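Both of the next two complexes hold chain A, though its partner changes from chain B to chain C.
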Partner chain A sequence: MTGLRLAGLMWLGLVLIFLYAPILVMAAMSFNASPFYQLPFEFSARWYHDLAENAAIRNAATRSVLIAVATTIIATSLGTAAALALFRHDFRGKRLLKLLLFPPIAIPWLITGTAMLIFFFAIGLGRGTPAVLIGHVALALPYVIVVVNARLAGFDITLEEAARALGAGPWTVTRRVTLPAIAPGIVAGALFAFAVSFDQFVVSYFLSKPGDSTLPVLIYTAIRKGFTPEINAVSTLIIVTSMALMLVVARFFSFGGHR
Partner chain B sequence: MAEVSVAGVTMRFGEMTALDDVSLDFVNGGFFALLGPSGSGKTTLLRVIAGFLFPQAGRVRIAGQPVERVPVEKREIGMMFQNYALFPNLTVAENVGFGLRVRHVSRAEERRRVGEALDLVQLSGLGARRPRELSGGQRQRVALARAIVTNPKVLLLDEPLSALDKALRVDMQIELKRIQREVGITTIFVTHDQEEALTLADRIGILRDGRLVQAGPPREVYNAPIDTFTARFLGEANLLPDPLPVPLPDGARLSLTSAAAHAVRPEALTLSPGPIAAAENLLPGRLVSRVFAGSMATCIVAVLGETWKVVARDRDLPQLPENTEVWLGWARADTIPIDRA
Partner chain C sequence: MAQAPIPGDGRRAAGLLAPAYLWLTLAVFLPLSAMLFFSFLTAAPFGTESPRATLENYRDFFETPTYALLLWKSIRLGLWVTLLCVLIGFPCALVLARQIRGRAREALFLLVILPFWSNSLVRVFSWAIVLRGNGVLDRTLDALLPFDVRLGLMFTPAAVVIGLVHSYLPYVILTSYLALQAIEDDIFDAARALGAGRITILRRLILPLSLPGLIAGAVLVFVPVVGSFMEPRILGGRFGTYFGTVIEDQFVAVFNWPLGAALSFILLAVVLAILGLSSPVLRRGLT
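Moving on, here comes the complex of A and B:
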């Protein structure tokens, strides 16, 4: 028993090392004084200072956050509304529509990005922040619908009927009964939307104008030009923020299951 | 006056006709049971009255007003669901107060009326609990309080007791009847449990294949079923074979009416090892089995090619070995003439 338990713990340890070792090395190096990763380790906050002074990175980070927030708001609202419509109504072609939600998740972003680029040029929108935003919303939407839809599958429709019988109109039913019940699904969907947009490289790279790129695009370009530890610093900040966000959400909501 | 009335209602789902020209009046303050096997249309009828379904044809009136195109939320109904449908994110008091909140009743008034409703269902003091912290019986009481706190014109109950275990169900039947009398609300409930319908309701309606077969006070429907389906569905019924064998076996005698079919209730039969001199109707049979079930016992008897049941107190049924010849007798008044086979 204990032997098996020990083996299990060791296995878990290996998995965690595999997942976190590169990240830890990167975080450590962002505090190393040497720009060439030379040891011995010498603590310095120099790269964070440089980062604070680097307008290009700051602008790209701001743009990334703004686009991610806008994507989250738009994709979560539209996606939740779509999931509710799919849940409540039966209409012609509903099954086909639900089926069509999955391929965009599986199609490689490279292909989607190319298709979007061609499409946006064809309709005269071209490259730029509007194109990036539309592209991100389109990428995030299926995730939100699928996640909210999964939560709705465990939702008891008679709760809506009970609220209606008590005199609540459609809007009140949605606001007071349905949305609170599926809130964990909506939060999870929003988190997906934020992650899809904030992490997005391929589609952003295709659709952004040179000179107003998002953070991932900027990091990619910076690495190609030659590595600077500032990138380590900004990456560390991103990881700390997103992990904190995940922990807060996990603390308040359990995904999928009932509270 | 009829508080709720349904006239010529037809409800189709695609090819399937769930309700076929159903007409029924539900009197003010009455307790009405809709009874039928599954798929008979009883729940569909309840949902048409509630307003979840709009019928293709016919009228639905609540308090004299035609409502067949009025959505649920504007019909002023109270409804209790089979699974109670309590809002899990709200407390008991918030659940009960939901309908009042939606109607913009003042907070003070809401608190007073929620308190009264919880008193009525004997749950005072549990207002701060969440539904998941309650027992099945308590949840049901909350659902009932929530359904009546808005003073609806009609209370609709969809299989209200089916989720409870048997002992609790009997308690809740008595409780439901008490509350219904106290509030005096017109109540319509759907059940597949004929015993429950007979216990609770002052009128019952029997549905089959989307049609109303018979409606009336329980005793009337039980004693004078309109067809063999109703006779069999409401309680047990021993049917005489049609046509009767000619000639009847030696010693048998029957005095029948001209009705299409005849039935005898199991409790109306007397079972004896020899012919019963005083019986107005008498048939020979063969004892198939005898089942003891506490206070009552049941004998299965093969009679004229049919399988009949005899139910009596255990000590009133003679102890006989299986496969012996027995005689079944009953009074003329206990023969139930049935107009439609």
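Moving on, here comes the complex of A and C:
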């Protein structure tokens, strides 16, 4: 009995080492003085200094954050509206509309990304930041709708009816009753949208203009040209940011459940 | 869901739904249709050449054995990565769901799925640092083991598999865990009371009841891995040519968009076939 339990715990421990060891190695190497990851380790913050002075990386980082913020605002507002309609109303084709949320999530981004590239060129939009933004919002929308919808499932619709019976107009009902009740779901959806956009590589790769790219695209190009320690430093910063963001999301959702 | 009708119902619903679904149409559904259309043309219609309708791009796929071989190589990669993710991830989910309780479980579960939302490109890059020749892994093993070690894993198919398993393992753990957690404890007590052993409980109760979750996780791994191109490029070196990288090349290096569109659509057909085959189980798993 205890032998099996111990084996289980050890397995879990090994998996956690597998998941975190490379990330920790990368983080450690970003503080290593040698540009070729030479050992023994010698501490240096040099690559972070270089990073602060590298205009290309700074611009790409700024662009990534701006696109992620814009994606979050657009996807959260459009997605919340759609989720409200899917929750409140019964109509023909509702099942189909819910089903249509899955292709953007399930189809590999390579296919979606190349299809967007072709289409945006065909309509004369071409590559560039607007194209990237349109793509990111489309990828984030289904996540927002699904997350907000899940939160709405626990919302008592009779509260809306009560508010209406007391004379509140439809906009007042939404603003004063429904939205506050589902606020945690909306915040979680917004954080998901931010993460989808900020971490997005594939679609940005096909849609961004050379020299006008987002941070992940810049990193990919740099890796393919050869290793540079600044990329190591910026990658460490990105992973720390994403994980911190995820911890915030976890506070809104109780992962793992209670028992 | 039973809902009370709201005055001005239909128009209000349409008004709330239209922006989101118009956006999805413009950015996903129209592009996919456009790509299908393009895959039957001789050239991209915004070039200098005037395009004609043709089946040539698809004929290319069927007449050039390289493409079919690469597609098969990508499918095999998908199967290997999926199998490894299931073998590593399912026991992990089982331990989390049935052995650990309370706050420790919540914390461990969070640790397991935390990497899942961090940038996969960056995580693949971190493996490149670990695996490279004379890198951290080589040096560590060298120091620990009495004999000389030259793993030489970087730029091999094994490196690609390791990077992909690392990227997609949390999916399997997540879906299996959710399925396992939903099983009531009473069932196990009943089985034990009726004299079932540990193996019988695993084989006759745990596996069948958590199968939908396990399959959902497997599909979530397999589909993106078949279409992967970034991981093979970074970790595979000269072994890193897969179906996904060939499609990437058509769009960013060779600029044969119609061929790229046809290859993308063949990949999509494979993906849809897999999703279709697993949809009965998936639907059961999701409801």
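To be clear about the criterion, the second predicted complex is superposed on the first by the 235 of 259 C-alpha atoms of A that agree within 3 Å, B and C clash if a C-alpha of one lies under 4 Å from a C-alpha of the other, contacts with A are read in each partner's own complex, and residues count from 1 in each chain.
What we mean here is this: contacts are C-beta pairs under 8 Å (C-beta built on N, C-alpha and C of every residue); 3 or more make two chains touch, one makes a residue touch a chain.
All of these numbers come straight from a predicted model, not from anything done at the bench.
Novice: Check chain A with both chain B and chain C modelled on it and let me know: fit or clash.
Specialist: fit
Novice: Taking the superposition as given, does A:103 touch the first partner, chain B, the second, chain C, both, or neither?
Specialist: Only chain C; A:103 stays clear of chain B.
Novice: For A:169, using the defined touch cut-off, is the partner it touches chain B, chain C, both, or neither? Pick first, second, both or neither.
Specialist: Touch partner of A:169: chain B, not chain C.
Novice: Tell me which partner A:180 touches in the superposition: chain B (first), chain C (second), both or neither.
Specialist: Only chain B is touched by A:180; chain C is not.
Novice: Does chain B (first) or chain C (second) touch A:9, or do both, or does neither?
Specialist: A:9 sits against chain C, while chain B stays out of touch.
Novice: Report for A:246: first if it touches chain B alone, second if chain C alone, otherwise both or neither.
Specialist: second
Novice: Look at A:161 in the shared chain and tell me whether it touches chain B only, chain C only, both, or neither; answer first, second, both or neither.
Specialist: Both: A:161 reaches chain B and chain C.
Novice: Regarding the shared-chain residue A:41, is it in contact with chain B (first), chain C (second), both, or neither?
Specialist: neither
Novice: When both complexes are superposed, which of chain B and chain C contacts more residues belonging to chain A?
Specialist: C
Novice: How far apart, in Å, are the nearest Cα atoms of chain B and chain C after the overlay?
Specialist: Nearest C-alpha pair, chain B versus chain C: 7 Å apart.
Novice: Need the overlap of the two footprints on chain A, from chain B and from chain C, as residue ranges.
Specialist: 161, 164
Novice: Can you list the chain A residues touching chain C in their complex?
Specialist: 4-5, 8-9, 11-12, 15-16, 18-23, 25-26, 29, 37, 39, 78-79, 81-82, 84-91, 97, 100-101, 103-104, 106-112, 114-122, 134-135, 137-138, 141-142, 145, 157, 160-161, 164, 170, 195, 198-199, 201-202, 205-206, 216, 219-220, 223-224, 227, 231-232, 235, 238-239, 242-243, 245-247, 249-250, 254-257, 259
Novice: For chain C, which residues are in contact with chain A within the complex?
Specialist: Going by the criterion above, the answer is residues 1, 3-4, 6-10, 12-14, 16-17, 19-21, 23-24, 26-32, 34-35, 38, 44-46, 88-89, 91-92, 94-96, 99, 101, 105-106, 108-115, 117-123, 125-130, 132, 135-136, 139, 166, 169-170, 173, 177, 181, 198, 223-224, 226-230, 233-234, 244, 247-248, 251-252, 257, 260-261, 264, 267-268, 271, 275.
Novice: Applying the document's contact rule, which stretches of chain A touch chain B when the two form their complex?
Specialist: 156, 158-159, 161-169, 172, 176-177, 180-181
Novice: Per the contact definition, I'd like the list of chain B residues that touch chain A in the complex.
Specialist: Residues 50, 52, 71-74, 76-79, 81, 83, 85-89, 98-99, 102-103, 146-147, 150, 156 of chain B touch chain A in their complex.
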